[in-house]
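The structures come next, written out as structure tokens.
Both complexes below contain subunit A, partnered by subunit B and then by subunit C.
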Partner chain A sequence: MAAKSKRQQMVDLAVLAPLDWIDERTAFVRGTKWFLFRNVPRDISWGQTLGSAALTAFIVQTLTGAILALYYKPSAAIDPVTGKPVAYSSIEAITDELTLGWLVRGMHRWGASVFIILLFLHMGRVFLFGAYKYPRELNWITGVLILALGMLMGFTGYLLPWDQTAYWATVVGINLNGTAPFAGPWLAQFLATGPEIGTNTLPLYYGLHMLLLPGALIALIFVHIYLVTRLGVASPPWSTEAAGRERPAAVPPAGTRAGLVRGSGGD
Partner chain B sequence: MSDTGHDTPHVPGPSLWPIAFAIGVACLLLGLVISWIVAAVGAAIAVVAGFLWARDVTHDVRGEVPSIEPETRTVGDSASTGAIAAVPVDRPLPAYTRSRFLEASTLGVGAAIGAIVTLPVVGFMVLPAFTDVEEDEADLGPIENFPESEYVIASYLSNPSAGEVTRRTAFVRNNGQTDAGEPSFTILYSRCVHLGCPVQPNGPIDEEARQELENGVELRPVLAQSFGCPCHGGLYDAEGNRQAGPPVRSMDRYTFSIRNGRLVLGELYAVGNVSGTGASAQISRYPWSVPGTHVDGVEAWLYPIVPSQVTG
Partner chain C sequence: MARDLGELNREEYARYKDDVKKDGKGFFPFAMWHDTVMSFVVVCLIAALAAIWYFDADGVEPGLLGPWYTEPADPGTTDFIPRPDWYFYFLFYLLRIFEWPETVFIATVGIPTICLILLLGLPFYDRRRERRPTHRPVAMVAAVLTILSMAVLTWKGATAKEALGSELLLLVPSWAQEQGFADDPQAVAGAELFAQTGCLNCHIYLGQGSGSLGAPDLSEVGQTNDTEYFVRYLANPAAFGNNVMGSYSYLGQDNLEALGAFLEASKGGE
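Up next, the complex of A and B:
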């Protein structure tokens, strides 16, 4: 190869050398390339983006939820100033008083439905394409768990505004669980923190909604996406090409063109 | 590399006594808290195990050198590759090496610690919903406030110190006296036995006659011969029997007592069916349970034990 241009040398020094330094110690760049620069079937379409869309919705929920958590107060006690329950008053304050609070709350509230709808669309796509078959069974199983936890997120989040809709919808939801055979009445009593909704119910739902369930969801999402990366995207059922087919050698591998790390490009 | 060199570290032979010694010490410490008998037993175990441990460790110093092979994973895994020529092939390899023992005990102890830490946490998360759930009796005030054969909507705080979240509503009808001369009340719990929505009396409420008593009790007479649920259209008659819609049993009822001329609500119970009316009603009574669960018929087999049977 010819001598490097001046510009090339500067890029080497400013970008590639530090990246190499990091990669040598952490394999971070190699890992990122393994994650992003994958072969995908040539005939994939918008249908395959639904999973990423659901992930984006989840990230939006996490960020807006974390902001709401800065101002929301999970207490059923009566606020002496407003004369209304503390939780309800804090939601009112978020919506009416905080600058752009209505926007963050609105994103979180509508985003919850968007997230669930995208999960179902994604699941439908996977089902119709038969993409749950060998070797992707565990993708399906972790996906089902994510859906279940996502619905639990919706159920526990719905109580938090502590208004009449929230309260009675949760009463009905708890009692629906209560009708399950054998364990139902026990489950209902756990969910209501006693025979009926009481002072502990709101903190329980808040803790589940913003700590336990998101933690479990994030862990499951990592497993799910690791498996997608490892196993690759399935070809559509009508595809005439073999799944996971290698790139033709004439096309330079994406890694060399991006050239993040010298020498590790054409894997 | 060969491990036959002179600088091979001297390792004492394997011994299980350190474990027994540790158990003894743990027992001794526990005994200091619980009782001196436990402490004494622990001390005895520790002394005996300590002695046996010392005997094991000093074994080769005291006499014949044991013929113990260095037990390493490499020996076990690569015995046949010839990499370690020093190991005679005809001798049987140790089936359970020291490293396998350490591996298993690390995993085992880790699992035990994990369980010891997790179980109380899970218990703390779940148990409060099932312990100390008894609700106070509610005093609804003098029985003169309940005119005969008329329903009164009574709302009260089942646990005043916990506040409004414990507000409940009951429909109270004074039935006069039974044939035996006992006072009789029909007291229905307003919660729908379909899925728990607030059942409403079908009739005009006499807001003029509304009364507020001490402790958050509120009374409002109503002209009602039936009750309806706003959520899914459940309909009940004046005795709380289901007439239409999805509810699976009759409305829950309260036991009651009359103390110093005041009506006091007791515990809730579930009702399969009511035949007859008012003071002469025959009520099939069951332990209280979640709305939506059957208390009689075959479907009740699906709910053999409900929490109220265990926790009262």
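Up next, the complex of A and C:
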């Protein structure tokens, strides 16, 4: 084996050795290679970027949401300084006073709508391509669950600014749930933390919006992406070079039937 | 010999894997490049929406994309227009269609639950191998109808105004004139509450509202009972054998008395 240059030895020591160390224990490098260096059908194009676009919107939501969580206070008590609810005052402070707070809050607010729109577009694309069929049924089911949880995120996040819009939209939302047969009254009681929205409601929605729902959503997104990577992306069904297309049965060379071609007999 | 569906599916998928392996392109860098460009567009779009929203509005003053925030939440006020976020407008509008209490749960819980079950079950009841849209007429017609009805319901929900309190409020002076309670401030306050709290979603008053669904016309209700009775009734309709109407006790005693005064003053006009 040829002696390595000094430079090569340095690279080995600083980069490759730690990576090997990690990979030996976690298969992280192999996993990344498996994710990145796989083939996809040659005929896929922009239509198949909607899923990763939705993922991007979700990442924007996670990052902006984490920053907002540092400054937001989920309390409906009246702030003695401002004379307004604590939650409302903290939203005011984030929007008006915090450096670039308006951008973080604005991106979180509008990112939610963009996320939902992209989920619907992605779902429409998958439906059009028939890509929910074998073997990708579970991709579809996890996707539908992600959409449902995304809408629940929208519902629980809407209350947090604790302004009139937030409050009354949530009142309506809770009343809607309350009309369900059997579970309705219980559900409404749970969502309002009592017969009516009160001081406990805001912490409940904050906990659901920050902890429970995002946790479930992130887990589902991981499963979804794992399945997409494992099973592969479907070709557009109308593509003439679609991966997995039916091939016409090979036409036997002329004369085969008559046994005139050598080696064709006996079939 | 006809082969079963599972076998055909597995063969097709085996062909797919084979084709992708031999003939595909690398996810990295080709597909990932598209994804990166698209992600960049998405982030720019979100930031642009945030900027338009922020710079066009000022505090509670709405701009093109609405205000930064509305007034602080106040359970005591009633001059609100409850609006969910846009992706719940379809539900909001379904509620207008199924507004009579016995049918409300169809809109609020029934239809969304059925939709969710249909969506989740799609790969299990649509089991044909065919993926070309032109060869899936039922799926395509169903998709177009779903998109159309969602779009129409969302649009109607966004532009709905028939029962919005702020607009019915404009009718209060004419009611006061017709019923002759213009110089009774308590009754006028009650009339404003009546307009704002959605009473006309079910009741009729002087030709306004939607009484076709069975709730009584209240234009002359003042001939039957007095303020004290109406206050007790509004606080607990169930105690009067009315299991359809909900309680309005959340409005508070003062507001209920104003409503009662308004109803007592409603004698049907001249």
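Quick notes
Rule of thumb we're sticking to: the second predicted complex is superposed on the first by the 216 of 267 C-alpha atoms of A that agree within 3 Å, B and C clash if a C-alpha of one lies under 4 Å from a C-alpha of the other, contacts with A are read in each partner's own complex, and residues count from 1 in each chain.
The rule we apply is simple: a contact is a pair of C-beta atoms (placed from the backbone, for glycine too) under 8 Å apart; a residue touches a chain by one contact, two chains touch by 3 or more.
Keep in mind the model is a prediction, meaning the values are calculated, not measured.
When both complexes are overlaid on subunit A, subunit B and subunit C end up clashing with each other. In the superposition on chain A, A:Asn200 makes contact with subunit B only, while subunit C stays out of contact range. In the superposed model, A:Ile174 makes contact with subunit B only, not with subunit C. In the superposition on chain A, A:Pro18 makes contact with neither subunit B nor subunit C.
Counting the residues of subunit A that each partner touches, subunit B and subunit C differ, and the larger count belongs to C. In the superposed model, A:Gly215 makes contact with neither subunit B nor subunit C. Within the superposed three-chain model, A:Ala188 lies in touch with subunit B and out of touch with subunit C [touch as defined at top].
Residue contacts after overlaying the shared chain place A:Pro85 against subunit B and subunit C alike. By the document's definition of touching, of the two partners only subunit C reaches A:Val60; subunit B does not.
When the shared chain is aligned, subunit B comes close enough to touch A:Ala77, but subunit C does not. Aligning on the C-alpha atoms of chain A brings subunit B into conflict with subunit C at a single listed stretch, 171-179, out of 27-35, 135-143 or 171-179.
On subunit A, the patch touched by subunit B and the patch touched by subunit C overlap at residues 76, 85, 168, 171-172, 176, 179, 181, 184, 196-197.
Subunit B makes touch with subunit A in their complex at residues 126, 128-130, 133, 135, 158-159, 162-166, 168, 195-198, 231, 288-293, 302-304, 306-308. Put simply, subunit A touches subunit B in their complex at residues 76-78, 85, 168, 171-172, 174-176, 178-179, 181-182, 184-186, 188-190, 192-200. Those residues of subunit C whose C-beta lies close enough to touch subunit A in the complex are 9, 12-13, 15-17, 19-21, 23-28, 30-32, 34-35, 37-39, 41-43, 45-47, 49-51, 53-54, 59, 65, 68-75, 77, 80-88, 91-92, 95, 104-105, 108-109, 116, 119-120, 122-124, 126-134, 136, 139, 143, 147, 250. For subunit A in complex with subunit C, the residues that touch the partner chain are 35-42, 44-46, 48-50, 52-53, 55-57, 60, 76, 84-85, 88, 91-92, 95-96, 102-103, 105-107, 109-114, 116, 118, 124, 127-137, 140-141, 144-145, 148, 151, 154-155, 158, 161-169, 171-173, 176-177, 179-181, 184, 196-197, 232-235, 237-238, 241, 243-247.
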